[in-house]
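Note that the chains are named A, B, C and D in the order they appear, and that numbering of residues resets to 1 at the start of each chain.
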Amino acid sequence: MNLKDYVQDLSRLWPEIILSVTALLALVCDLLMKGKETRVTGWVTAIGVLFTLGWVCRDFGDADGTRMFGMMVNDRFAMFFKLLITSGLLVVTLLSLFFRGLQKDGVGEYYSILVIAAVGACFMVSTDNLLLLFLALETLSISSYALAGFLKRDLRSAEASMKYLVFGALSSGAMVYGFSLLYGFAGSLELPQIAATVRTLLHGSGHGLDAAGIGCAVAVVLSLAGFGYKVAAFPFHFWSPDVYEGAPTPVTTFLAVVSKVASFGMILRFFGGIPHGAEGSAPLATVIAAIAVCSMTFGNLAAMLQENTKRLLAYSSIAHSGYLLAGVAALVAPGAAGAVAGGDAHGHGVAAALSAGLSGGQAVTFYAAAYLLMNLGAFAVVIYLSNRFGAETVSGLAGLGWKAPIACGTLVLFLLSLTGIPPTVGFVGKWYLLQPIWSKGLHWLAVALVLNSIVSLFYYFRLARSLFLKGEAEALASPRKNAFGAEIATIAVALAVGTVWFGVSLSWLADLVLSIRI
Amino acid sequence: MDFFDDGTPGWYALAILLLPLAGFCFNAFTYRTEFTRKRGHIVPLLTIGTALFCALSIFKHSVIDYDADHAGGHGTHAAAAHGAPADGSADEHASGGADGEHGAARAAGSLADPRWRWSSKDHGGSYRLIDTGALRLDAGIAIDHLTATMLVVVTLVAFLVHLYSTSYMHGDKRYSRFFAFLQLFSFSMLGLILTDNLLLLFCFWELVGLCSYFLIGFWFENEDPPKASMKAFMTNRFGDAGFLVGILLVYRMFGTTDLSEIYSKMQAVAEGSAAVPSLFGWETGTLLTVAGLCLFMGPMAKSAQVPMHIWLPDAMAGPTPVSALIHAATMVAAGVYMVGRIYFFFTPDCLAFIAGIGTVTALLAATIGLVHNNIKKVLAYSTCSQLGYMMLSLGVGGYSAGLFHLYTHAFFKACLFLGAGSVIHSVHTEDMREMGGLKEKMPVTYRTMLIATLALAGVPFFSGAFSKEMIVEHALVWGFGANVAKLLPALIAIGGGGLTFFYMMRLINLTFFGQPRDHHKFDHAHESPPAMTIPLLVLAFLSLFSVGWPIPLFGGKKLPELLAPPPALASIALGHDEHHGHAGFALAFAVLVISCAVLWVGYVLYKRTYKERRPGPEVWVARFGGLYTTVTNLYYFDEFYRATVVRLGNATARVLAIVDSKVLDAAVNGVGAVGQLVGKAFALFDRLVVDGLVNLWWHLSHAISKKLRRIQTGNLQDYLAFAVGGMALVTLLFLFLA
Amino acid sequence: MDHLAGYVFIGAAMFVLGVFTMVTRRNAIYVLMGAELILNAAALNFVAFARHLGNRLDGQMFAIFIVILAAAEAAVALGIVLQIHHHFPSIDVSKPDRLGD
Amino acid sequence: MISTIDSTHLLTWITLSPLLGVLAILFTPRDKADVIKTLAAAFTGIPLVLAVWMYVKFDQSLPGYQLFDDFAWVEAFNIRYTVGVDGLSSPLVLLTSILMFFAVFSSWNTEKGVKGYFMLLLLLEVGVNGVFVSLDFFLFYVYWELMLLPMYFLIGIWGGPRREYAAIKFFLYTLAGSVLMLVAMIAMYLHSGATAAERTFSLITLAQRGQDGLFANGPMLFGMEFRHWLFLFLFIGFAIKIPVFPFHTWLPDAHVEAPTAISVVLAGILLKLGGYGLMRMNMSIFPDVMWDGSGPTAWATGIAFLGMVNCVYGAFVAMAQTDMKKLVAYSSVAHMGFVLLGLAAMNQNGIAGANLQLFNHGTSSAMLFLLVGVIYDRAHHREIARFGGLASHLPMYASLAFLGIFTSLGLPGLAGFWGEALSLIGAYQHFPKIVLASTIGLIVTAAFFLMMIRKVFFGPKKEIYAGYPDLTLREWACLTPFGVLCILLGVAPFLLSDWMKPSIDALASLFGVKS
């Protein structure tokens, strides 16, 4: 590889480069301000992220699947996830700017750590090499540990970061141990080759596994532990409610949204190579589906009695990981994508399968986008409410809907979307997910998924009930001044418009997602 | 279309039907105006008067003129009556090929209905209510002798009752509304008579029930009327449910509810050219019998036949003119009319059942009449009893006799009720023990009621005698040669005459004869104004100079002879085409003699008891204490219903337990209680089980949720342990699957 | 001949010991050492496999990066442990349990 | 398939014009309550006028769908915005438009959160009308779910004391039904063609392919045929809405707690969606599940049986109620049983009866709920036992109440009779025993309504009710149209049945009925 190619490849890395520069700029800016006027740093960061976002959009069409440095792929998939990461980052940056808890001096490096975490996320979704994947993941993780504990004076923040760190150390350790085994079996660090090896070793043809198969299964499970930790899937979710509650809310938002979406990008990269034509791995699919069902059920049931809104959203995000993992299960399950299981009346062949419908990967990709929109929105309103009314519990929200109808109205919309009710993007996401799940023959998974969305209604609408069904007179909290209410509400409204817009104007999104090959 | 051509009854029939409706609408929509509030009777009187005129015209046209022209006999009329087929100008509501079919059917068989019949559908006059493709409901008008006569009876009594009410209801705060309901009732009743479709008949059937409901409950501020009205409606609802099921069966068998189509389909069955689709694997005979019995459920309730008679006496809680019109002359007779209308449909078994029910009713109701002290209730039981006679007659094949009794009964019973109303109006009580000696004070009322009483009892030369004797004759002919049980109707019909005479004379005696027992009331008594006495006089005249006389108007025939029965298609279809012998002159004479004898016995008993008091009624009561109690308690029908439905398990014990208890609440309340009980049970089920399941799920998920939360201990190393355990479990699952 | 099985076995033992340490020891330093053990188990595996596959560079690179990351992680971890020590005068990892249901 | 597009986009206007109202109200200041109410009236008036125009434009002699509007929505999945009406849906569109218009008037007294209330009400109308006109399953589903949220808040915010419970119960039940419908929808879509290009959500195409036996050769899932699963999922979705025993318990709670206008909309329209859905989906797409070529299958018998249970059970439970509104609510359960019976009959009479019942129950139950609302406004309670003698105090009110009640108990000559009678006649062809059992429901229905009349309207005057004013002009204006409809459709049922007949014939022809 000569220098020219290097430069060529580097030119495809502009988003990451700009982000990195932004992180540096934020540090420099903080130094220049001598730790005062943190908001300047924040705005600088926001502009940098916005610039990155623009760049990603500009380059979106150029993504042609070329490999870079022998470790990364510049394809639409990566671009799409970078788009999600940067736009998520932008919102998180803005929310951080307006968050009360971060309205003090000496928090300037917060922004640079945030951006560095995002850089890790960007690399994570665009690499197809285990080593880089590991590095990117750790970049994201270590930055996140620091972010979670950022409010140094806050006891809960410290506890959160410690739990996050120790749990993360165990999980990522297990993962990297699993990686090492995979490396041993596949003899390569390239994901496609590893996927092919896994597919061969875990065919699940009913003869049981040989010794290599068992080892491979252990390796995959260990890797899954790492991924599961990253996306907070049962039983690797334990850190998340505590960390979500303890961390500053914008950081929680980042962890719950950006980090999780990026992790699903990584998971799709990892497992995307396993299905090949109509082949796949049935046992792997079942294991992932089992994790998915446990996650969604656990998340939803545990959320029912939560008082703390952030904790409630934490459990909700566990459930959503379950939904997304269900899509991953559909991805790795054998069977022609989009074909009806057993429905051979119309002569399905491989050719038909190729032209047939949505794959599990595409569905997860789309759902990740939907998840990003609606969860960002929900967190934005949570920040709004805590900023303006100091309300952080469900009962504390009582009657606030009448005091802040617009922001609370958008929250209801986000909750609707999280439940999966049209005309919102959350519904479209569920509908996208259900298609491959059903067509791969995982009917029980589809039914479990929809039943779970009924359970989720219980707690989502506990919030709505508190906000609106209680009278205005029951509102205890009085609005604070200087709470950046209008700013955050604007963000929430923008996200709400997006939630509805993508829930109604589907055509564009459908075409976009279908153009992503995964 | 020739529906409105001169010389057809179309216009008149339509006017009869719609005028009362218009009157109702007028009164209903203008009830706030001064005119309607004070003079609410004017429009109704006009409409019902016009309807009466129209009814008479139709009667003249269809019965008198027709019969004068076709004095030759029945058989040949049909073709002439239907000689002019409908021309092509029928509008889109006309029943296209239907009349052609009728014509063919009628011409074809000897089973054709030989009677005169005018159908508006043959003349393009029908109103298409609904057409689902499978069921086409064309409302048309069908008139035959039965109908035409019935029209006259109903409009005449209705007119007289309207007239009577102007005085009787004078000053009532809902004066105009009373007339509105009378009008609505007249409309419904006339519709019931005129319609040519079983389902529509059912519709009007329910509508008259509704009017009855509102009129019984007219004084709804009082305690009794609301209960009585509800009881009436509910009892009828039971009957109507059966009626409806009957209609469903008929529709399932013949695919139509049009009466003439049912007739022609039955004809085909009788001829053997068509079969009835089977149901539950029953044979045609069983099916027809069951359908007939279901249909008969309606008349049983409406005509207050045992065991569904319980509502009628209670219905006396309504204003007296209503009792006269609805609960004596017309609505309760609708059941009889309906049986007559679909007479061809009833199988011999079915008819025997009808006869049996009629017999029981005739006897039971008459015995209760013996002991009751409420003047209206005595009359009500008398009505029951007479309706039993009619059913009995129809059941034993006395088609014309039964219907003829309907007509005669309408007049004298209306007269009795209006007379009773006149008395009540005058003394302000319904209890006969507080009356007495009113003969002098109310001469017109007394005389007219006496005439009607004699007619009711069947004293020779009064109208009732003619019809009753015909009934007895038919019953005898039916019963002769068969087993003894089949003779019972005849015996009871004869014996019932004595009972009737007894209780009616008791009524007259207690009311008009002897010394006044309540002087305060007696002093205020006075003869009623002309608006009330004129109807009495008219009705008494009709009871006296009855239509039973062979008068020149009918071409020298008696009315009953015009009411020839239709062919008994059902019997023919089942191969039971046995013609009962006709009663000869000797039999008729014998019946006359026996009846007179029975009447005489009745009179003697009455005289010994009440005039000569040897022994007096008290002694009789003492002597037959048990029986007396039973009868005064109305045979415990109400209690029986309560007991059976309330406590299905120990019904018998319960009946015995309440023998001594006084007359309790209405049966419907009993049914209501059961309903409430069942309803409560269901509601409980709803709350405990159905909701319970949902709540259980809710609680369960809450419980699970609570348990699940426990693993989120907050202790980091627990988390780590759980995660490692989870990893192990997932690995095991993986290995297990692969 | 290479001794792959031996290396892998030792790696596995290190992994298990690491996990065991992390789960059972309360002292934050021990817990972090457990994490180091796990990471080093992976590193050992990588090197062993790389050698087994023919002296491949990629596996060895991985091992080196694991070491680097372990260092970075330790740095952040120690910072956090210090904070914990500041808030809860102890480095017992099971002490902070304010968060939780 | 879609012959001509309606150039005026009439149905789209009917459906979506209330959205303009939502926007208009959104930008009206909160304190201008009168303006908001007027806007709401105007923007429910527009669909009403347009729906009347639709009635005029609709060619009653044609069996298929008419007044199409159609364009691609998501081409990748063949999702189209297709709307059109036939004889089954267009009467319900008209009914919706009428009820919504009067619902606005009957909620004129609303004081709490006026802005939100009328916005949600208008949004609700979009959802309901949308469901009736949708000819694309996806669109149908979107509209179907669109109704949930407004209803939740309308009950939950403006309802009675237990409103929160009632609202979430309603929401949960309906959502439970609709997610199963979602699964069925996706399964049907995926099964409807081999390639993405062949797959469709079009209800017309799905019905066509379903009738050609497309779903008959699906896989066995957990021991039951594929099409039976789809049928079951769809049925549960609609059964909850109807509501069918044992899915009915949301109804009394929702009805009792909801404000009057919302009860009217619930009973008058939302219940109809279930019956409509059964015809449009279950019967049209899976005729072979209910009809095996010669007679009804166990599925049809089961539905008829549930219909009977609804009739009898609903009536008995209504009898035990002491709250007027709850009584009326349970009477709805009983009445909707006839719809099920009629549909299970699968012949012209039965389907016509079911459809008449849908429409007429819409008017009569709306009227009854309005009537209960009128008395509640005055007495502030609905305890049957505490009333009495109202016929003396409020004669006008009583007259209209009698009209409503007797329509509801199926008195011939009034609208309610035809639906019940035809359903029974139709069902009798296949299920004589079940029909016999349902007649118990007829009797009990009469019993509880009469009991209510006796206790509420009859009896001696009570002084506490002496001062109550009779109907106000607004109440009168709200009630009279329904009264007129009750009578008009009682004496001229052909106005409706002729309108529906071609479509009913087409539907019945799937079940061996030759028209």
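Here, contacts are C-beta pairs under 8 Å (C-beta built on N, C-alpha and C of every residue); 3 or more make two chains touch, one makes a residue touch a chain.
If you're wondering where the values come from, they're calculated on a predicted model, not measured in any experiment.
Asks: Report back the single chain whose CA centre is most distant from the CA centre of subunit A.
Replies: Here the answer is chain B, farthest from subunit A.
Asks: Report which interface contains more C-beta contacts, comparing A-C against B-C.
Replies: Between B-C and A-C, contacts are more numerous in A-C.
Asks: Take the average of all CA coordinates in subunit A, do the same for subunit C, and state the distance between these two points in whole angstrom.
Replies: 26
Asks: Could you state the distance in Å from the CA-based centre of subunit B to that of subunit C?
Replies: Averaging C-alpha atoms per chain gives centres 97 Å apart.
Asks: Rounded to a whole Å, what is the gap between the Cα centroids of subunit C and subunit D?
Replies: 64
Asks: Using mean CA coordinates as chain centres, what's the subunit B-subunit D distance in Å?
Replies: Chain centres of subunit B and subunit D, defined by C-alpha means, are spaced 37 Å apart.
Asks: Give me the residue numbers in subunit C that touch at least two other chains, ranges are fine.
Replies: If we look for residues of subunit C contacting two or more partner chains, we find 19, 22, 93, 96-101.
Asks: Which positions in subunit D are in touch with at least two other chains?
Replies: Subunit D, residues with two or more chain partners: not present.
Asks: Return the residues of subunit A touching two or more other chains; collapse runs of consecutive numbers into ranges.
Replies: Residues 162-163, 166, 170, 174, 241-242, 302, 458.
Asks: So which chains actually touch one another? I want all the pairs, not just one.
Replies: A-B, A-C, A-D, B-C, B-D
Asks: Any idea which subunit C residues touch subunit B in the complex?
Replies: 19, 22-24, 26, 93-94, 96-101
Asks: Can you list the subunit B residues touching subunit D in their complex?
Replies: Listed in rising order, the residues of subunit B that touch subunit D are 128-135, 199, 202-207, 210, 213, 217, 220-223, 225-227, 229-230, 233-234, 237-238, 241, 244-245, 247-249, 251-252, 279-280, 668, 671-672, 675-676, 678-680, 682-683, 686, 690-691, 693-694.
Asks: What residues of subunit B sit close enough to touch subunit A in their complex?
Replies: Contacts found on subunit B: 701-702, 704-706, 708-709, 711-712, 714, 716, 718-720, 722-727, 729-731, 733-735, 737-738.
Asks: Which part of subunit D faces subunit B closely enough to touch in the complex?
Replies: 169, 245-246, 248-249, 313, 316-321, 347-349, 352-353, 389, 391-392, 406, 411-413, 417-418, 421-422, 424-426, 428-429, 432, 435-436, 439-440, 442-444, 446-448, 450-451, 453-454, 457-461, 491-494, 497-498, 501, 504-505, 508, 513, 515
Asks: Quick check: in the complex, which residue numbers of subunit A touch subunit B?
Replies: Contacts found on subunit A: 162-163, 166-167, 170-171, 174, 202, 204, 208-209, 213-214, 217-218, 220-222, 224-225, 229, 234-236, 238-239, 241-242, 282-284, 286-287, 290-291, 298, 301-305, 455, 458.
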